[in-house]
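Look at the two complexes coming up: chain A is in both, with chain B in one and chain C in the other.
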Partner chain A sequence: MSVLKKTLLATAAALLTTTAAHAERGSDGHLNIIYWQASSILNPFLSGGTKDVEASSMVIEPLGRYDEKGNLIPWLAVDIPTVANGGVSEDLKSITWKIQPGIKWSDGSDFTAEDVVFTADYCMHPEGGCQQLTKFADVEKVEALDALTVKVTFSKPKPHPYGPFTGGESPIIQKAQFQDCMGAKAPECTEQNFGPNGTGPFRVTEFRANDVISMEANPNYRDASKPHFATLTFKGGGDAAAAARSVLQTGEFDYAWNLQVDPTVLADMASAGKGQVVSAFGTSVERLMVNLTNPDSALGDQRSTVEGGPHPFLTDAAVRRALSLAIDRQTLSDVGYGEAGQPTCNVLPAPAIFASTANDECLVQNIDLANQILDEAGWAKGGDGIRAKDGVRLSILYQTSTNAVRQDTQALVKQWWGQIGVETELKNIDAAVFFGGDQSSPDTFQKFYADIEMYTNNFNGTDPEKYMSNWTCGEIPSPATNWLGSNMPRYCNEAYDALAAKLAQTSAIDERAAIAKQMNDMLMQEGAMIPLIHRGGVSAHSNTLGGVLMNEWDSELWNVADWHRTN
Partner chain B sequence: MFNYTIRRLLFTVPTLLLISFIIFLLLDLAPNDPTGNLPMTITPEVREKIRISLGLGEPIHIRYLLWLQQFFVNEPLNLIEEWWGIQIGDAENRLRVQSWATRSPVVDLVVERMPQTLWVVGMSYVVGILIALPIGIISAYKHYSWFDQIGTFVSMVGFSIPTFLTGTVLIVLFSVLIDSSSPFWLPSIYDTTHRVTDWSSFVVQVKQMAMPVMVLALFNAAQLSRFMRASMLDNLSQDYVRTARAKGMKERVVLLVHVLRNSLIPVVTVIALGVPQVFGGAIITEQIFKVNGLGQLLIIGVQGADIPLVQTLTFIFAVLIVLFNLIADLIYGILDPRIRYD
Partner chain C sequence: MTDAALPNQAPPGEPAMRPHRSLWRDVWAQFAVHKGAMAGTGIFVFIVLAVFIGPYIHTLDPSFIDIRNKNQGPSFEHPMGTDQLGRDTFAQVLAGGQVSLAVGVTAMALSLVIGTLIGVLAGYFRRLDGPLMRFTDLFLALPLLPLLLVIIMLFRDTLRSAFGPETGIFILIVFVIGITSWMQTARIVRGDVLGLKEREFVLAAHSIGTRQHRVISRHIFPNVLSPIMVSATLGIANAIITESALSFLGLGFPSDFPTWGRLVFDGVTFLEQHPERVLYPGMAIALTVLSVNYMGDGIRDALDPRIRSNR
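This part shows the complex of A and B:
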């Protein structure tokens, strides 16, 4: 049956049942969603791409997930286990989840603790190449205590034990369906990976990789009155502007994801009155990473390594402060991000209790002060207008990935740095190369053969422990570690490492917040990074679609069961 | 002719092997990484494990030989099994060429995308030819007339304006400015799951094909009509045309029987050589209208560093190009009896 025909039938059905006021499953007909990056697979353990995680989140679900405000809420579980309710052991080494009784898979069989245990075994299999392995860090064993109780034991105390089975990246898959797909066999199970059985509001009827997914309401969904839509199309392809147009201007689609489009273009499209732009903020920060080691090509193999020695001028705190002060973050936000950005001076901007206010000096651009700081530090302007000291010129190679907004940002920053006597050379690299880990490429962000590099990073969920440990000494990428590691600035401070260790052993939320703030302030004040923009997600939905609660802490489609047609 | 064909066919084997090796080398040397586009929250250690699970830990010659075996042995065996419903050897454990992004056999993806590419890109090629031939013929016959001038202008426009501009302009005209309740409204997003079952679904299909087909047809027609015109002009000044007219033949016969048949020889060759492009899809036009055919498959593969997918697709295109070169040569021999290859 064609989609059109289905739509017509469903609409007819919807008309007949309007008096029931959304009380019935499937009464609102057909839903059209467009993700301009097409979904490749519906198994998030084999593809960590956001498009795949979010597409699959309508089908398979975790035990607990984050709501639109970043609160952890029970999903398939009865409640969120804590030390207070006895769900988390006193020594913080285990967590016991209680599953809601009566949940069924879309094939009608019972959802049990065995499925949860299987999911952990599946992802932790050494040959599976599971892309969500980070979620299962330090897990020693996962066992089913009874049909509805699962106990996860960690190898060390976990103050935040909500890695496994929470959030869109860690849903539960069905044991009966995937048990022959363990380890090296995982990628060969095309049928399972394209159409997993789930507990979610929808089930897959047709999957076309990198193109389109057709779904229908799951007849075994736990809430008999949901989902409101009987069928849905999840289309992929094209670009962000075209996706925005299809919702805001032509009205062909109901929901479009990740619209990183020129803010003025988006506002213009929204003025057609067919839909609205929605945004939400999570933890993403666009930042400049400052290379504290010397990237000089004359150093050969020791280039950009701790062994190669300190950077000739970026190790001077005055230079880093001046560079930060010279930037007008509000303009960067207005030009490139619109509703999806706000200036920030922190690398850890959210959740609110973790956000520091100690670094807000940088929120206002101050070229005069920046010049003054450089003058006082002895960096004098030469004949060409570029500052120098002891034969070292303030000349910066500034790299980032290829992306229209990033190139606009680069051009603006270059201009401002020019005003304080800093020379800037710009470079942009294709994202797949820049963020790729090809050992033979000199252009990866880990190798950092430049003075400054810019990109966005964030963390899943609401706990920053893992994220903040990115800047400990052990995380510095170098040839010895095959350039693996997340400490791009090559920042190394014993006091910081001690705080990271302390954070890993503290469980009270207020204390955790205090430590994380202190770590953030340390990074900011010692200039390892220059944060620019706190970035949010931007999507658009049709005026006839209700129930959308934009969520940056979890999948944007987390509450698709509640989405409904409004008139 | 037969011997020539056999000789050429045999010669394609080493050519194609060499091509496949060069493609493989190029892809391997390119600084690209299949984990490059994953979210930053996935740690470098996990990325390394993903790479190893994809087989990137093996040295290049092993990976190349493995691909050769998968493509030239396992894939044909699988095709035979599916066509005749039989099982040969250990079908369970025989690995087909797998895409890294979708973890599914590449050939299945290609087969899935063939219909929309053939419908849209193939139809645009046919429409392009149908527009180009008459324009070329009339332009040449009425040399420097207003028709010729307009034809020249339109083909210059079609040739020089990129499809991403014409495509977007058409979308703004037919999808945005025209209200969606109007019968002239056209969808900007192609629905690949749409099935033609009756008249109304056929109309929907025609509507969704209209814009991408017109954009591509304009581009194809521009090129072909110039070829047709030039070829006609060459022949119109030949002695045999004067002879035919001197014998008192009607102008229509002179033009359509004598001149056209001779002029078509080079044009048919050009058309045959262009057919592989149809299979290659039209990357930009497919992206604009979300047709999601072979062109879009290729571009997604390139962006995501999905090496087995890109390798297999480019190789299939290479095979088609080599084959259609041969076909063009053979057609040439059939159309023009003066050409003999033996």
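This part shows the complex of A and C:
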């Protein structure tokens, strides 16, 4: 682990000492980036996949984005509109963005407010199937006041009006290029979706879906001295370990993303001296989702729906508390995450102002207490060592995606639950299927045909309003909603919904933090989720690559224009 | 060939002089002189015994996690060391062997039965030839992986609730591998049968009024045994490998249920730090496959009357 720490320190030192010595665009030659999940499209409005959002973030840009510390900074805009500078109206129902003058698209034409308005129309088109529609929630209209001013009006007061046009998930696309691709025609515009014109530092020269993207420096980029690289290759495919190896050991690539690899293996690779591992903590939490509805296959279509009835034993708070207490989170973190993980008892662990301390009981494993809780709740051990009550056995089907670290976590958790008399059956599903959202597959994380499932989720930016509203009653996935929705535990509590509504109307940051904490505590204490690890993003870059500022709040490639060669 | 006079055959008129020799004794006698086959049999028997009796001697639970003793080297307590969670590698290899061998042998047997049946029927009965071989082509043309995905998706839950997670998946995997790997056998067998049924001894059998099923069982089948044996040996290897591929995709056994293929897959991540974790199960697979191949070679020779009588 100390190797990782050293490399982190070395990165920091390197960043402080290197200055932008290169003043000329394209003077640093070629950049190789590897994302082990290949990009399939460069239009983030048609794909929610991180790989696609991040690949496109080098080409198309938003008005404002989050820096590596989670601060909202102006990007194509002159400044971030606030109530104080008059950019946000007093009633919190509108926000007015001022665009930097002189910005050009990569085809040489001017970037104007019309493009911004078009982007909103494009995403909000009812037939478009826009994946980033939540960014535009409650938007009433978007209008261009003049060539460089855009006003967004909301249907109700928005204390956090920075949904549209901020972050890598809501960039601006060019009206001239996409105007024939509205609505149902959006997915058919292959040429546009594979090679959007952008304002970013690079433009696409060749796009091979699910394989390789080639890019070159955008000749019309607003800073004449950037980007430092003349060309770049964005390679997709393989697995996390192979990607890490290609940067840290063989040096074929300069940057590798999302390295969920056993920490000892990663540290060994880093000791080869060709590259370094960088990590940053955002809001990602590896958690167990507890199914509060009955996943019994005998229920047919009503499996894992509210109509199918409550879960036979996970609705018992004592069972959920015991399951949580039996887990040694520190060990899970050491085994699977190393420096890039911390035990957590909250689903909302960051930013610090939102982090609750009310649930820290779970930080220390306590098998005896867990056993005692189950004994007191009337779950008695049977002849096979498995607890049961009224003929219901504590037997859990525990599913997650296929990944060596996750399978290790599963095995550990299974053993601990065994010690409190809970039987566990493990199941792992290929990530493409599990997260694929295919409605005909029974194995998606939305359908949740299991008792417990494990994965990581997070939110972009620093405001948890949208994220915390994931667990309101209306978000429960069911056949009626085509299994869309983020409320995997099928948790439904009027008091929680009321808090969510209150959060959406509160603007003072302290009050918002208090409400968000209260919501987090409610979810934790009622056991809708069992959080395990606060995860950092882990990437690796070559020792000859400078300027990398690991960012968990936005695209990791957010400052690719500043990346350069060091010697 | 078959009707050529053979030098060591007893001269006509003196049959009583020769002790009675059964077919299977001859086969065994020929098999026993094949050194590779004998060595292969020895190793295979050793592996089978080790895998099924070993756990009674080395009694550690293969799935018990002892996190404090992770990544240990070989010791008296852990002859092959421990993995990244402190599970005993030797116990895992033994437990994995039980599953892999069972899957390999059962799936091979199933595919052999289907393949031979279809091959013999298609080769022998002209009317069945077209439909059966088109059926075989159809299976060959099917994209295997999507087919497996669909089968497993449709039947996993049913079998799981009927037989429990492990037995249910075992039945499913054996079935899935069996019905997707019989096509090569069927084609080879059909080709051989087509040639055989025009031969003089079959004609002779027909001419004395032998019934069809007797012709097949007495004259055709013993003569195609050798290609079937070769298919069988390759089939075991193929089944073990397919099972590990399925486990890798998350469609096989639960992740804490060791099989050789899964142990190799899990060990690949640690190839540089702990190469032995891949080597042990990998060697077990290689040795099994190799010994079964040699056994197949020996059986083929032993079953071939031409080679046997030339001794």
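The criterion applied here is as follows: the second predicted complex is superposed on the first by the 502 of 567 C-alpha atoms of A that agree within 3 Å, B and C clash if a C-alpha of one lies under 4 Å from a C-alpha of the other, contacts with A are read in each partner's own complex, and residues count from 1 in each chain.
The definition used in the following text is that contacts are C-beta pairs under 8 Å (C-beta built on N, C-alpha and C of every residue); 3 or more make two chains touch, one makes a residue touch a chain.
Quick caveat: nothing in here was measured; it's all calculated off a predicted structure.
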item	value
Which superposed partner A:Ser441 touches (first chain B, second chain C, both, neither)	both
A:Asp211 touches, of chain B and chain C: first, second, both or neither?	first
First (chain B), second (chain C), both or neither touched by A:Asp268	second
Partner chain in contact with A:Glu252 - chain B first, chain C second, else both or neither	first
Which of chain B and chain C A:Pro479 touches, first, second, both or neither	neither
First (chain B), second (chain C), both or neither touched by A:Pro157	neither
Contacts of A:Gln407 with chain B and chain C, given as first, second, both or neither	second
Contacts of A:Gly547 with chain B and chain C, given as first, second, both or neither	neither
A:Gly236 touches, of chain B and chain C: first, second, both or neither?	first
Overlap of chain C and chain B interfaces on chain A (superposed complexes)	433, 441, 443
Contact footprint of chain B on chain A as seen in their complex	1-5, 34, 38, 40-41, 43, 46-50, 127-134, 169, 184, 186-188, 190, 193-194, 206, 208-212, 214, 233, 235-239, 242, 245-246, 249-253, 272, 431-438, 440-441, 443, 446, 455-460, 477, 482, 484-486
Residues of chain C defined as touching chain A within the complex	63-65, 67, 70-71, 84-85, 87, 153, 157-158, 161, 165, 248-251, 254-256, 266, 268-270, 272-273
Residue numbers on chain A that touch chain C, as the complex places them	241, 261-262, 264-265, 268, 297, 331, 335, 401-402, 404, 407-408, 410-412, 414-415, 425-430, 433, 441-443, 449
Interfacial residue positions of chain B with respect to chain A in the complex	29, 31-54, 95, 98-99, 101-105, 108-109, 112-113, 171, 175-176, 180, 187-189, 191-195, 197, 200-201, 204, 286-288, 290-292, 296-297, 300, 303-305
